[in-house]
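These notes open a run of structures that come right after.
In the two complexes that follow, chain A is the common piece, with chain B as its partner first and chain C second.
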Partner chain A sequence: MTGQTIVLAADVPFPPSVEDFYLPAIVGGHDSYWFTKITALLWISVAAIIIFFLVSYRKPKLVPTKKQWIAESIYGFVRNNIAVDMLGKRGINFAPYLTTLFVFILLMNFWAIVPVAQISPNSHIAFPAILAVISYVMFIYIGMRHHGGLKYFKHALIPPAPWFILPLLIPIEFFSTFLVRPFSLAVRLFANMFAGHMLLLVFTLGGFAMLNSNLWFAPFSLVSWAMTIALTFLEFLVVCLQAYVFTVLTASYLQGALADEH
Partner chain B sequence: MTGQEPPNNPRGDDGPNPPDTGMGMTAIAYLVSGMLVWGGIGWLVDHWVGTKGIFAGIGAVIGIGGGVYLIVRRIGA
Partner chain C sequence: MDVLAAVEGSTAAIGYGLAAIGPGIGVGLVFSAYIQSTARQPESSRLTLPYVWIGFAVIEALALLGIAFGFIWAGNI
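Here is the complex of A and B:
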């Protein structure tokens, strides 16, 4: 009897580990990681975004069709509520990039709660890291262009303060602007998606683990699975919020780079 | 929202920042990095001198003071 339960419990690996994020290859050998569910989801996201926006804006009408309305609403939301709100008139120049960023992160995050897919590529740090690097390079480049080369660093590093506290403040400015920003941008998105996937795994697999270990635990398994459903809705909130936060912070860094002396 | 114009009165470049747009994150970043930078420098001094953490403590306090000062200068006022 005990031997049987152990075998049953062994069917469902519990607790979940980081290994669960490295899915087996779809094509190629067992230890080939060139094409996995993560890469598939990435390319599906990219293709979906390109096709959706091309199709919905192929024949723009004055009275928009439903698709055109959705596409324009998304763009209008990012342009008016993020770009123009934070960057003023110049925000319109950045609205295309910010919209792309927002839609891309939103869709990539959304895979976390799509049945069958159930994992977000953003739960691998590589994706948020690259996005953060793009934002980082962009705000430095924009700042250098706006202030003129190295003057930007003078502007960014030297706060308006009496000279004798500057040695105290400049290292803090350097650390928070040029080291913490890209790191926190990447880690915030990655950790949220990683933790979300981990939570869903714990409650789903936990239900099976309890069911397998003792039949009397079946009611608790049901509670565990109910929690999974509730957490999926929570995940939806996190998915939207993190896409928004990433975009707003990128806009905020651009604003800092474009700010004039005051 | 279709074809909606940008808000009628987009904020001028010298207007106040709109509320809650990355300001909180900036403030936290200043506080934490103040503590980390000067706490870290103090920790190095500790290693160099051979004390057991007095300079790290002093550094963290000074750093958080600097962080608060930066928040007031950059975000407040």
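Here is the complex of A and C:
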């Protein structure tokens, strides 16, 4: 963007741009981007999840300890409220994957509001894209295993409808099931995290921009920073909701692949 | 003639504002339907909740596509 009307301080660029998502390298020279904050947060998330679940299930007791109780209620929530609710009895087979997915996305998103970190790795589309590809391959594979190769595509593409409407319906079904699903799954998570980070940046940097502009604007920078705090709570809501939505949608795609009727 | 007022910046902001109208109405409809159905039949609230979030997510995706494409095709005036 060009031509800002507000006079800016040299060190606080006001309209935040896409460039702000490309963080400087932590290790190595200026041109090596193999290890940035994003990479570090990813490794920390993966390590934290693995260690937490290993430790809390090391010696399972009948009367659970506090750690075991937390791990069991997370797993129980995904198993009962998502997997079994959507997939019925077969849902229990998918509960481990759905729980892993839920916890991983939740933790990765949660970095967006942790002080110091304050950027979610999911605000780079690479991570949501890979997660969406896994869900996509999985529901097609499960569908083909359940119905048998070609019968699955027949089941997925040909709805029970009069024959003359089928030439219209089959392309629509193909488009929505096999093209839009992985794309929207990835873009939804990515854009939520991206927009959330951008929003926080606008209000934080906007506060500095007003502080530096002139005397009359300066007090309003406090309003801007108060908004940042309020939006951080909103972000917390979005973080939890998007992890839930991604998991529920994956479960619902599996439900569609496993459905027996028509 | 002298220029009295001028607008500078990205047209993508206007485009996104327009693009957010539809999803805004849609998300409102989803939750209004959920509140109505829960008011009429309180026992059904747990049953319909997953579908509320699926519907919400599908509609919200349109608004989020608007954000993503706004950055991809940002035009300047």
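To be clear about the criterion, the second predicted complex is superposed on the first by the 254 of 262 C-alpha atoms of A that agree within 3 Å, B and C clash if a C-alpha of one lies under 4 Å from a C-alpha of the other, contacts with A are read in each partner's own complex, and residues count from 1 in each chain.
Operating definition for what follows: a contact is a pair of C-beta atoms (placed from the backbone, for glycine too) under 8 Å apart; a residue touches a chain by one contact, two chains touch by 3 or more.
Everything quoted here is computed from the prediction, not taken from an experiment.
Participant: Scan A:175 for contacts with chain B and chain C and give back first, second, both or neither.
Facilitator: first
Participant: Under the stated touch criterion, which partner chain does A:18 make contact with: chain B (first), chain C (second), both, or neither?
Facilitator: Once the two structures are laid over each other on A, A:18 reaches chain C alone.
Participant: In the superposed model, does chain B or chain C contact more residues of chain A?
Facilitator: Looking at chain A, the partner in contact with more of its residues is B.
Participant: State whether A:191 touches chain B only (first), chain C only (second), both chains, or neither.
Facilitator: second
Participant: Which partner does A:249 reach: the first (chain B), the second (chain C), both, or neither?
Facilitator: both
Participant: Is A:96 in contact with chain B, with chain C, with both, or with neither (first, second, both, neither)?
Facilitator: The answer is neither, since A:96 touches no partner chain.
Participant: Once the shared chain is lined up, is A:28 touching chain B (first), chain C (second), both, or neither of them?
Facilitator: neither
Participant: After the superposition on A, what does A:86 contact: first (chain B), second (chain C), both or neither?
Facilitator: both
Participant: Under the contact rule defined above, give the chain A residues that sit at the interface with chain B and also at the interface with chain C.
Facilitator: 85-86, 184, 248-249, 252
Participant: Over in the complex, which chain A residues touch chain C? Could you list them?
Facilitator: Within the complex, chain A contacts chain C at residues 1-3, 18, 82, 85-86, 184, 187-188, 190-192, 194-195, 241, 244-245, 248-249, 252.
Participant: Per the contact definition, I'd like the list of chain C residues that touch chain A in the complex.
Facilitator: It is residues 8-10, 50, 53-54, 56-58, 60-61, 64-65, 67-68, 71, 76 of chain C that touch chain A.
Participant: Residue numbers of chain A touching chain B in their complex, please.
Facilitator: Touching chain B from chain A are residues 64, 68-69, 72-73, 76-77, 79-80, 84-86, 88-89, 91-92, 159-161, 165, 168-169, 171-173, 175-176, 179-181, 184, 248-249, 251-253, 255-256, 259-260, 262.
Participant: Please give the residue numbers of chain B that touch chain A in the complex, ascending.
Facilitator: 1-4, 6-7, 10-15, 17-18, 21-23, 25-26, 29-30, 32-34, 36-38, 41, 62-63, 66-67, 69-70, 73-74
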